[in-house]
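Naming follows writing order (A, B, C and D), and every chain is counted from residue 1.
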Amino acid sequence: MITCGLDLGAGTTKGVLLEDGQRLLATGLAPTRGNPVEAGRRVLERMVEEVNVLPDEVEYLCTTGGARYAYPDRHLQVSDITASGRGAVFLFPGTRHVVDIGSQSSRAMSVSETGRVVRFKMNEKCAAGAGRFVDRCAKYLQVPLDEMAPKALAAAHPKMISSVCAVLAETEIINNVADEVPLGDILMGVFLSLAQRAYILMRNVGIQPEVTLVGGLVRSEAMVRALGQTAKVAVNADSRAHHAAAIGAALLGHSRLQKLGHRPVALSAVEV
Amino acid sequence: MGEELGATDIVPSLEVSDTFEEFSRAPSLEALIQLARDVVSDPTWPTVRAWTRSGRSAVGCFPVYTPQELMHSMGLLPVSLHGGGESIEISHADAALGSFLCSISKSTLELALTSRLAPFRAFVFPYICDVSRNLEGIFPRAVPGATTHMLHLPQNFHSAATVPFLVAEYRRLISKLEKAGGEPYRPERLAASIELFNRQRAEIARLTEMKRLDPGKLTLTESYLIRRLGGLLPREVHLQVLERVRGQLEERPSRPKDAIRVILVGPFCEQPTLDLLDLLEQVGCYVVDDELLQMYRWYDPIDPNGDPLENLATAYVRSTMDIGVRATPTTKGEAILRRVEAAPAQGVLFLTAKFCEPALEDVVLYRNALDRKKIPYLHLEFEERSAAYEQSRLQLETFVESILFD
Amino acid sequence: MTLVAGVDIGSTTAKCILIENGEIVGKSLAPVGVELVKDAERALSQALTESGRERREVTVVTGTGYGRFKVAFGQFTVTEIGCHAKGAHFLFPGTRVVLDIGGQDTKAIKVDPRGEVVDFAMNDKCAAGTGRFLDVCAGALGYDVSEIGALSLGARHPVKVTNTCTVFAESEVTSYVARGKDPKDILAGLYGGIVSRSLSLMQRVGVEPEVTFTGGVSKNEGMVRTLEHRLVLKINVSPLSQYVGAIGAALYGLERVGGIPA
Amino acid sequence: MVDATAEPQFLTTARDRQRAMVEEYYAGLADAGGPKKPVAYMLVGGNLTELVRSFGYEVVFPEIVALNCAIKHVSLPNILHAESQGYGLDVCGYVKNDLGLQELGGQTPFGRIPPPDLLVCSFSGCYVYVKWWEALAEKYGCPLFMLDVPYMRDDPPLPEDVQYIVAQLNEFIALLEKTTGRTFDLAELKRMLAHSRKAEEGWVNYLASGRRRPSPIEAYFEAVFYMFPINVLRGTPAAAEFYATVNSEVDERVRTGTFPVPEEKFRLVVEGVPPYPSYRTFWDFFRKWGAVSVAATYPKVGGLFDRGFLHDPARPLESIAEYSLGAYVNQSWPLRRKLIEEYVRDFGADAVLIHGIKSCRSFTAGQGDLRDRLIHDLGIPTLYIESDHEDPRYFAPAQIKNRMDAFFESLDRRRGSTPLPLVTT
């Protein structure tokens, strides 16, 4: 029984194929570029090709992420907080606290042993402290995203960024460059500043080990380190955790399918 | 200040007859609700214009506990002010009031500064919080010529001196209202008004009880709109509306769906937008008890015998509900647990107006009690003019899913 | 014959103006980078080159803008608030209110008939509603910010941009583009939002004619039109609007050395 | 320009005495709590210090503890802790500091703050008081007395307002008798009120010296330090003696020509709660421009003694009632505006500075309207600056400095001065 989870995020669209609610068959990723439906379809197509199954063998599709309602060929949609919680516990069964940092938002949640969200907290109105900030810094400092972490981890005296704004922080970074702060220190400062913001959310929810980081920022080892240092806890991380919400969606899809006992018809786009 | 930005676009849309017949004659429940929706969303005060057309005066009442019975008995139309809703743009009020304040205070001032409160002769602000209180202090300059009054609402609910003080306080108000187009105060007329309001509140209580027992019968928004009319229409008319609604609802079939039962705590003063209220039920909640529009529900029946002014004051002291702007030390936690049990509800939705400090502070006390009993809850903040509900939807769905999926 | 210079080191651009005999004789504009001190020097030398003058001819250099203390070679500093007032008064003597929207902040300034600041209001530190907001959103539309001004004219069905946060607005714009919305309509929506926030700031000082619009964003025709429409007022915009701060600074310097103010 | 890095000129003996009094006070709290030395928590606005002390209570003012934490830069951990308990960003910083501190065990750099045995809520001027004390009552379960003080809309207050408070005070006395087992000692209360009156007279003299030109006192930044005795130690002889010391130093200052800034250039009236977490930085921004505050509303949060009210031992309860009505923020906006306008006139001020607090609505809501009236109706130059009284995260030095500079620059210009020489900082 194969179920698909699609996480239609603001920055990137992530997908997974899951077999019997247990085995990850494939993961896929594509930039969303404002068109989640197309991105979702592309991710699905590629995954199906990769593992060589017929599209029809994917029996249930559950969407999540900001554009979860936009994708017509779904059977169910769930919120990305619900999904991330499930996904994190799937990857690290001991998880009781999840931090999710994506391109535009950061959230913290506490979860039960089944991955059910017990309490959560997110920033609503302001994108400060989210991945977009990292992207802009990368662009400005001309360091590709993947090369940020090694440089940041070598920092001797990380320089924190005080500006709250994901856009205006650039100016502060300019000043740091002007003051000849080493690149590594600026980069690590960026991650530590994000961690600081995430930590406030985490405290609001209540921190309980194990803590798992999910979302795009998990790709950066420097972010994992920064979060661990700031919150003074060990942080589970795994590159598959970028797909945590997609995994969670696939899992919930699986349990729905089991409950129903048969494959339902797809919902068409009901609302945005 | 002085120039009239925005005032130019006040174009009265809805017209209401000064007999308010259309409300008691609406052909169906749906038609009535549509009418209510139109009236509530019209920033040009159609019911107030209808009332004042024959030379009568209207009083704007800021939430929560204004003694509307008293105004009614003096031949005035008490109208609940709930800010500007989604339709108005804040461009003047921020400057006068500051940015870190609830929407209702800002948009109420914005209405004043753009001459949209011209149909009113007087305004009453109760001391429910520092914002309401300070707003009163800057209001007269915004609506020159109108009377404004700050009503001190006592917070000592145990002193023998409180009722006499509140009676004296009401008398201050009376003398102001008499100068603002009110007929002279007469106790027997107040007693009659109290009886009328008792009947109106009893009907509202029936309506909310119906929603509690059979939440598929009417939506939260429907129930809200019907209640909200009470602050806009003459009370006699509203009573008729309520009685007809009761009859129509009895015949309406219930359409139950798979939803969780929650109680809604926090919006006792500023009111969420209709879209947000819709959203609560769309994502799969049944709101079986709420704090919306406290002003029409603040008393048990008021004793119609004896000195009516004293009875009105006693009612405030004895039987107002535990909301954020009424001091109830050491019992807040228990109160929320009782309400959850009485509903009965599976969870609590805290929906507080952004920057509403009294509500924010209570949430913590409530949360502590709910945590002890492991009752799920969600806290959201709302603003009048936030058209983006995606973040609220996300959080609401997560909350519902956390209860629905195990 | 006093030649004076004003150097405005903004958050986004460095501007320099040379004034002689009450007339502007040279100007320069360049983006600011990481070394503000050098940017300031470069702004001045470019303006000199452009006008064929030499450094030693300049009697006084006055610095303004958020990087004013980096105009290390200057003799005086004045805040950009004072300079925008003075500069706007110079260009439009009837100015009573200045609205300056630059790269990172927005200011409303009330001035008296002599061009002195009576009152001012500024926004909080957030990129919402500033030039940066437009830069980012223009990027999401696939344009440069200098192209979007004319583009928005003639919008018929402005979209509603619900997010004020620059980051959120950027993806809102992206999704409108993906849905095939007309860039005209998206821009009109963006301008509407910025203008609302600017009006609220202007209300703080009180709106009265004449209103002069300064700063880089005033070069955006669509913004000018939207503002005029909402104010129901014709507003002053000079071709030199981005230089207004530098003009004011130069004039302050002139006064200081006893020259004839304009 | 003034060298902003130099120490401001304090009245050193008085300042030392004040420091010692604060230390003694906190030291005295070390073993307080419980039946032998019970602790009452009280609020500054409309406080009942004398009455509660006459029953042998030690008094704690969480607002003052909070501002002390902020000045000492230790408020943020407390605030963050309260936020992690669910207190939102927009809740008053004092409340968050206190509730965070309580949860963390009450330890401060100036001593441990004991938990309350009695909560006295004088609801005078701030609704947050009610909410704050509710939270403490829910946490500690100790008795709470709510003194409902009518908002001051009429000056002088109506007799029914005073009667209402006196009736509540009598009920409070009965409660105090019950909780302490002591009987009310009227003579003792009168003695204490006499001490208070003396202190109040001294304080009023101190404040009045701001009328001199140049002003020998800093009526905002410096006066804040001298508010401690008038709010916390009223009813003791020490408070009265303290103001005698202060005033003799003010005289000394006039004689020797030592002033808060070497050259007084601008005389200000200041409205609003100070930005305690960045107190010195803020002050330096002023001193740099030769600006001195000659009168301020904030030092009157405890009571408007300088407008004629003094405690009266001959009318003990009535005068306590009148006192509690008179807290500055319990004045309606028309009365607040009148006071500020009078200060501008009586103290010969050049301008008004309003410091708005993001998390305090009581003081702040409507300050924009005040600003507007002062500038546009009365032509008084006014600057509005916003930050916080407790939360260091809200202080944006560069922006605040820019606004100050622009403001003083324009004031200076109106006097016909020219731009500032460059200082590279």
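What we mean here is this: a contact is a pair of C-beta atoms (placed from the backbone, for glycine too) under 8 Å apart; a residue touches a chain by one contact, two chains touch by 3 or more.
No experiment lies behind these values; they were computed from the predicted model shown.
Any chain touching subunit C that also touches subunit D appears here: A, B. Averaging Cα atoms per chain gives one point for each, and the point farthest from that of subunit B is the centre of C. Two chain pairs, B-D and A-B, are compared here, and B-D has more C-beta pairs in contact (counted per touch definition above).
Between the CA-based centres of subunit B and subunit D the separation comes to 36 Å, rounded to the whole angstrom.
Averaged C-alpha coordinates give centres for subunit A and subunit B that are 41 Å from one another.
Look at where the CA atoms of subunit A average out and do the same for subunit D: the two points lie 48 Å apart. Distance from the subunit B centre to the subunit C centre is 45 Å, each centre being the mean of its Cα atoms.
Contact of a single residue of subunit A with at least two other chains is seen at positions 125.
Residue positions of subunit D with contacts to 2 or more other chains are 86, 368, 372, 376. Each of the following residues of subunit C touches two or more other chains: 121, 124-125, 204, 206.
Contacts between chains leave no pair untouched here, as each chain touches all the others.
Residue ranges of subunit A in contact with subunit C, taken from their complex: 10-11, 33-35, 67, 104, 125-127, 130, 132, 163-168, 171, 174-175, 177-178. Those residues of subunit C that touch subunit D in the complex are listed here as 62-63, 66, 69, 71-72, 74-82, 116-122, 124-125, 204, 206, 252-253, 255-256.
Residue ranges of subunit D in contact with subunit C, taken from their complex: 368, 372, 375-376, 381-382, 384, 396, 398-399, 402-403, 405-406, 409-410, 413-414, 418-425.
Across the complex, subunit A meets subunit B through its residues 66, 78-82, 114, 116-118, 120, 122, 124-125, 252, 255.
Here subunit B touches subunit A in the complex through residues 376, 381, 390-391, 394-395, 397-398, 401-402, 405-406, going by the rule given at the top.
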